[in-house]
Amino acid sequence: MSRHVHRIIDGPLPTALLTPAALTAPEHGAIASFIGVVRNHHNGRGVTHLVYDCYRPMAEKLLADLIAEAMRFDADLIAHVHHGIGHMIPGQPSVAIHVATAHRVAAFDACRHLIERIKEDLPVWKQEFYDDGTSLWLKGS
Amino acid sequence: MSRHVHRIIDGPLPTALLTPAALTAPEHGAIASFIGVVRNHHNGRGVTHLVYDCYRPMAEKLLADLIAEAMRFDADLIAHVHHGIGHMIPGQPSVAIHVATAHRVAAFDACRHLIERIKEDLPVWKQEFYDDGTSLWLKGS
Amino acid sequence: MPEVTVLYFAQARDRLGRDCDTLVLPASADAAAVLAAISARHPANSALIARCRVAVDCQFIAGPVPLSPQSEIALIPPVSGG
Amino acid sequence: MPEVTVLYFAQARDRLGRDCDTLVLPASADAAAVLAAISARHPANSALIARCRVAVDCQFIAGPVPLSPQSEIALIPPVSGG
């Protein structure tokens, strides 16, 4: 049974998912985390809110695949990855990645790998709504 | 007034310091964190507990200096850095670094910089106690 | 030549004005063949469609894959999660 | 030639058997001069002392710095925090 956790969540991530406290373990000396937060500005424009669309069954499956990929950095790593979808406002957390390993280099590398691969491949799309009343589907970042 | 937080704490870090929830802000889209946890093994030996010694006034001052250094990655970053000292057992968190920036690359780079510089210069020393009854002051990592 | 459901998301769903189509596709098709079939149905949006990737049964495809009426095809515009 | 307090930590404190000394030092000294004065007081531990750095008033020193009786000197063994 995998000790990894990965899930698509409706709405912004609850505060409980921002902490890596659940990953503290005596065999893992290092935890690296990344939290993505909805920004109030993009390309110089004010963002009022945004909506994440998602191809959910594929996204759930892909998160598992990406964790398997990240295990190249440390076969014993533990990863918890959550992505929120739907309506969010600036300041709300949309993604949380926590990786625990024995040593810190692998934790940083695996955490970084996960967010980069999420931004390349996870079937999640961001529609930004601006303070001038317009909106835009973003094309990756 | 600086919005940074840095402090030497007696004992293992309380759970509240493991979460970057306090750093979520609409202008900061990315938070990178590092948590150091006491490991139960080192160089193949079982660790029962350890004691961190600290030159406290210098350590407090140096944490501020290191955050100033990390601002080369993003002059607008916010950093929260805590290091625990004294008696700890495996699984307990000894250091917590949280860095919030507008974009993720600077957050990762600044967080990584902070833990590397802490391990180079912070006047904190770890005495490991092993399951064979011996102990050793470590010489850096 | 199975009839297969193709799912649309995000800007593709908005621009095509629907969240899916049923298309007749070859029993074995690669991404280019799937994109061509979608473009043939929606010629006004062929530029957008050409920028998309194709997933079959929740997996991006590169080479040709077998298709059946049970296959779930998705048109994947450039993603922007995180 | 001020009399200055030198603080010891971790393995240095254990090996020297004390947490500080009062040493007479030049009015201006660099790290090598401070380490030499500590080694002269504790010759049996000169190898350990040679591996240490020196901080004056909570700052690592490289070149010479002025010292006064109010200066706080610290012998800094290789650190191992984190």
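A, B, C and D label the chains in the order they appear, each numbered from 1.
Assume a contact is a pair of C-beta atoms (placed from the backbone, for glycine too) under 8 Å apart; a residue touches a chain by one contact, two chains touch by 3 or more.
This is a predicted model, so every value here is computed, not measured.
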Chain-contact steps, minimal, separating chain C from chain B = 2
Request  = Report back the single chain whose CA centre is most distant from the CA centre of chain A.
outcome  = D
Centroid distance [mean C-alpha coordinates] between chain D and chain A, Å = 48
Remark   = Distance in whole angstrom between the CA centres of chain A and chain C is 26
Query = What residues in chain D touch two or more of the other chains?
reply = 82
Request  = Check each residue of chain B and list the ones that touch at least two other chains.
outcome  = 36, 104, 115
Query = Which chain pairs here would you call touching?
reply = A-B, A-C, B-D
Inquiry  = Can you tell me which positions in chain C touch chain A when the two form their complex?
reply    = 7, 9-11, 13-14, 55, 58-60, 74, 76-82
Request  = Spell out the part of chain B that touches chain D in their complex, as residue ranges.
outcome  = 36, 52-55, 57-58, 61-62, 83, 94-95, 115, 118-127, 137-141
Note = Note: in the complex, chain A contacts chain B through residues 15, 18-21, 24-41, 90-93, 100, 102, 104, 107-108, 111-112, 115
